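Okay, got some structures for you below.
One chain, chain A, links the two complexes that follow: it is found with chain B in the first and with chain C in the second.
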Partner chain A sequence: MRGADYIVKRVVFALLTVFVAITINFALFRLAPGSAVTNLARVPHATPETRLAIKRQFGLDKSKFQQYWIYLGQLFRGNLGVSFANSQPVATNLRTALINTIPMVLIGTVFAILLGTLTGVIAAWRRGTKAEGASVTTALAFYSMPTHWLGLMLVILFAGVLPTGGMSNEFLLNPSFSTHVKDLAEHIALPSLTLGLVLYGEYTLIVRSAMLETLGEDYILTARAKGFRAGAILRRHALRNAMLPIATLVALSLGYIVAGAILVETVFSWPGLGRAVYDAVLQRDYPMLQGAFLLLTISVVFFNLVADLLYFKLDPRITT
Partner chain B sequence: MSSLLEVEGLNVWFDLEGERELHAVQGVGFALEPGERLGLVGESGCGKTTTVLGLLGLLPPSASVAGSVLLNGVDILAGGEESIRPHRWVDLAIVFQGAMNALNPVKTVGSQIVEVLELHERARGREARTRTSELLESVGIPADRAERFPHEFSGGMRQRAAIAMALACNPSVLIADEPTTALDVMVQAQILELLDSLCRDFGLALLLVTHDLPVVAELCDRAAVMYAGEIVEHGPVDALYHEPRHPYTRLLFAATPDLYGEGVPASIPGAPPRLDRPLVGCPFHTRCDRAFGRCTHERPLLRELEGSRSAACHLNDVVAEVV
Partner chain C sequence: MSVVLQEPVALDDSVPVRSRRGIVWETVKRRPSAAVGAGVLLLVVLGAVLAPVLAPYDLHKQVGPVFGHPSWSHPLGLDDGGIDMVTLLMWGARISLVVGFAATFVSMVIGGTIGVAAGYFGGKVDTVLMRITDYFLVIPDVPLMIIVAAIWGPSLFHIVIVIGILLWTSTARVIRAQVKSVRERVYVKRARSLGASHTRVVFRHVLPQVAPLLIANTVLTIAVAIFDETALSFLGLGDPSRISLGKVIENAFQRAAISTGAWWAIVPPGALVAVIILGCSLLGGTIEDALNPRLRVAHLSARSFRLRPLVGRGPEAL
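Moving on to the complex of A and B:
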């Protein structure tokens, strides 16, 4: 089979990347200034004895190498540790945050991909017209907007019509399933829209340039000489070839979905992973940070792998 | 009786920045009878390819085209895209330059032939694949290569595949735009031989666009020499070679390396005139070795001469007066 070697090579490379990233994550947070104990103790004038006791409790008195070794061992058994901040298992904290984040970021990203692809294709197909100018200018404008500013503008615009914070209306007691879904959809609208609008411009620009490059190729002229209509050329020859760079971009951005969106989640008080990471940084919650970054690493590496394999599938010219 | 393909007064202008225009093709006309082979020759940038793309309506939107293209007496250019499209590939098929990228790199060679058979409803499904195999074999490519991608073919095989693709709908005119450029000499010879035998076997009329005079001499009955967007001389290949009636034709032949001849090929000094401003006098007079007073201010028109040929040069008047 074509590419069995290729797949094995890619997978091994991906696993290696994850291991290196785990190591770097471990080291990185311990290099950050400040100490977990200062925050944990929450008493600025704690006696040295108290501090030492707390350090012992969390294993921070051991050498960095010992800590690393223990971390790897536990990780291998699937134990991500206990959060310094709320003493809950990190895995539980991450799961809750992830479940909140994924629908919001996924909707925003899918919205961005669809809108970006559509406007990008139109810009390329109608090259030199007002449609292209409008499409590119709008895309650039949204691309340049600070996420939190756009979020605030949407809050100002839609406050009163749509909820602007949180995931659900806490005053709904025992809502029926349909009411609950409707409530959730209303809450998810603004954060997803903000994220989608900020992200879509990049897709427009990349899809446009990929399409323009493809449309200038000789085989497009061949397709026209064959007697195909414009629409058929777009579908049969242009889109498929322009998909190559776009597929990579889509796979890579799916990888970042688990990272959440710190700014959006902060503006809209969305209890997702982005905010969890932000809080963990403030509290020097090493296990939580390590867990979150591990999750992000695995996700990014996994989708990179998907992008590689997809590219391999789409472009017959790629060889091992 | 009307010719198979008759091009009359074809003009192409390209829009440039600042309301300017480039007059790339200037009143080109020629006719092609069934089975006839016409070579369109000239140096790079003289408008050969633009002429061909113009008559097929394949130029980009920045180009405006005027003139008529009569296919069996019917003007296919008059109705725009809608009137040309049904004739593309069915009546007028084209083989592009190099074929390097003329085939889509992410589709198999076979599927690119099948798609054109299906588009013009010549065959579908299994039947189309069988026909594709036959086509590939007719140009010397084993049928099992249909499932391969263009990058798995050599340059010569890609060119053959492009020719097979052009034959898919049994066109009456085959247009070949620099079919042998970028191929090595051995492969060039094979491709020319292939074109020659296919034209004979299928009774195809051939419009061969090239800068390579020996290729025209080998393959064509007639040739039209283009310079600065217009045809400056047109006639039987032998007559053009032995008795050119335009200095450009003579210098062009002199610039071609001759395997058996002695001496170095002579280049033509200077460059063609810019086409984004009106031309005064003969477009060639600045490079011509026989230009005289009239050439600098009066533009020579393409005039019919004896022996079914024509040329656009004032010298022909002088000779006529002298003789």
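Moving on to the complex of A and C:
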């Protein structure tokens, strides 16, 4: 099969990256300044006996290497520890948060990709016109805005029109299904819009420069000389080939989506993964923070792998 | 109308050979966006540097009511502590810029060193360094920053170090690609065979060639660093004793500026951050565009179905 070793290479690289992330994750929290006991258990004036008991409980009396080994073993079984804040398993907390985050981020990202591709293509195709100027300037402006600040601006603009916090109206008693869906849609609008607007600016710029490079190729000139219609050249010849860099760069921007989600969810009190990170920071809930970081890293690595494989599928020339 | 193709440029002495620096300078002069970016940045930097002289009020003194409305004496109103917003913005920009520049310096040193080493020496060094870069590229930077800032405690120094350590990847990759191509040029090989040491070749011949690209990258990194600092501050991980622009936004948000209707406490600081980032993007982006040979070719567009050179660049620049 074509490029089987390419796929294997990418998968191995992704797995290695996850492994490195796990190790960083382990090391970061063990390297925290101050005694690990006070850091992990937050007991300011404990007796030596209590300290020892806590040390035992968290397995801190063992050597660093043993601790690392145990940590790996627990991770492998899906045990991420117990949250300091609500004494629930971190894995359960994360699952709930993730389920809330996915639709919000998904809607925002799809919105950004559609709008970004549209304005990016227009900017490249109408190079040197007012349309390009307007499209690029708007994109740059949104790209430059701090995510949370844009969210706050939308709060100011839409206060009273759309709900600006939370995920559903808690005062709706036994709502019918349609009311519930409408309520959810209203709540998801602003967070998704914020994320979408911030991302779209970047996508426009990416799509534009990818399209500009493609439109300079000889085969576009050939297609034009053959008398194809402009729309067909744009869609079939230019955009198809420009998809390659676009796919990669969109995947690379996923780390940014993660960061954006943290900020957006903090502004709009959206009970997702980002909000969980924020709360964990406030409460110094280290197991939760550790688990969230791991989950975020794995998701970014995963989507990068998807992009690599997609790239491979899109470009038949890639063999290694 | 017939299709007009580029005339091949005759290789005689009448065509002036331009250095990369010359190309950059030409482009910056001809494209208004770069000039606008540079002007805006200059203005902000001036305002921030001269804050002790220009700031109209004391940064730590209450000069009016809490969330006082904008007025003639306070054009942007007052914040939650009755402190003049214009004063806050000037001092805040100072801290934000310090963080931006310092973090960028750290990441330039790391990224530049790794990029030059990988590109210049090639082979195994290149493979190992680029693998490391790949790892750092995938790790989501803001969450890692959050964790590090949360564990080590919020301080300006930590923020600078953390942002600097995580931002160098793109610099390293860009510089490596450039160095690889410069290394193969004849004059570099001649310098080597004339007995110049690696250090001399890198500093005398390679670095000056990559310098414009390094500058473009620096300008773009400053924008990211300032953005990250604003985000960290907003999450309560900023230095509590230093007021940066991010801190100003966070304060206003935490003290309910929005529900009070005090938009002047929250709109200007974010807008200023956006302006700084926009300025950096315009300037850095233009320099980068000027140096990208693939964007310098003519291309088709909707208006005129002929190959047209890019705006402001005659065929002689090709």
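By our rule, the second predicted complex is superposed on the first by the 273 of 320 C-alpha atoms of A that agree within 3 Å, B and C clash if a C-alpha of one lies under 4 Å from a C-alpha of the other, contacts with A are read in each partner's own complex, and residues count from 1 in each chain.
Here, contacts are C-beta pairs under 8 Å (C-beta built on N, C-alpha and C of every residue); 3 or more make two chains touch, one makes a residue touch a chain.
All values reported here derive from a predicted model rather than from experimental measurement.
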Note to self: With both complexes overlaid on chain A, does A:314 touch chain B (first), chain C (second), both or neither?
What the structure shows: first
Next item on the list: Quick one: classify A:281 as touching chain B (first), chain C (second), both or neither.
Entry: second
Item checked: Contacts of A:221 with chain B and chain C, given as first, second, both or neither -> both
Next item on the list: Once the structures are superposed on A, label A:157 by its partner contacts, choosing first (chain B), second (chain C), both or neither.
Entry: neither
Check: Comparing chain C with chain B, which touches more residues belonging to chain A?
Finding: C
Margin query: According to the stated criteria, A:146 is in contact with first (chain B), second (chain C), both, or neither; which is it?
Written below: second
Check: Which partner does A:181 reach: the first (chain B), the second (chain C), both, or neither?
Finding: neither
Notebook entry, point to check: Is A:241 in contact with chain B, with chain C, with both, or with neither (first, second, both, neither)?
Noted result: first
Item checked: First, second, both or neither for A:27, with chain B first and chain C second -> neither
Check: Of the residues on chain A, which ones does chain B touch that chain C also touches?
Finding: 128, 221, 224-225
Notebook entry, point to check: Contact residues on chain A for chain C in the complex?
Noted result: 13, 17, 20-21, 24, 28-29, 31-33, 124-129, 140-141, 143-150, 152-153, 155-156, 159, 209, 212-213, 215-216, 220-221, 224-225, 230, 252, 254-255, 258-259, 262-263, 266-267, 277-278, 281-282, 284, 286, 289-290, 292-293, 296-297, 300-301, 304
Check: In their shared complex, at which residues does chain A touch chain B?
Finding: 128, 217-219, 221-229, 232, 236-237, 240-241, 244, 314-317
Item checked: Complex contacts: residues of chain C adjacent to chain A -> 3, 134-135, 137-144, 146-148, 150-153, 223, 227, 230-231, 234-237, 246, 249, 253, 258, 263, 266-267, 269-270, 273-275, 277-278, 281-282, 294-295, 297-303, 305, 307-308, 311
Notebook entry, point to check: Of all residues in chain B, which touch chain A in the complex?
Noted result: 53, 56, 58, 61, 85-90, 93-94, 96-97, 100-107, 115-116, 119-120, 149, 151
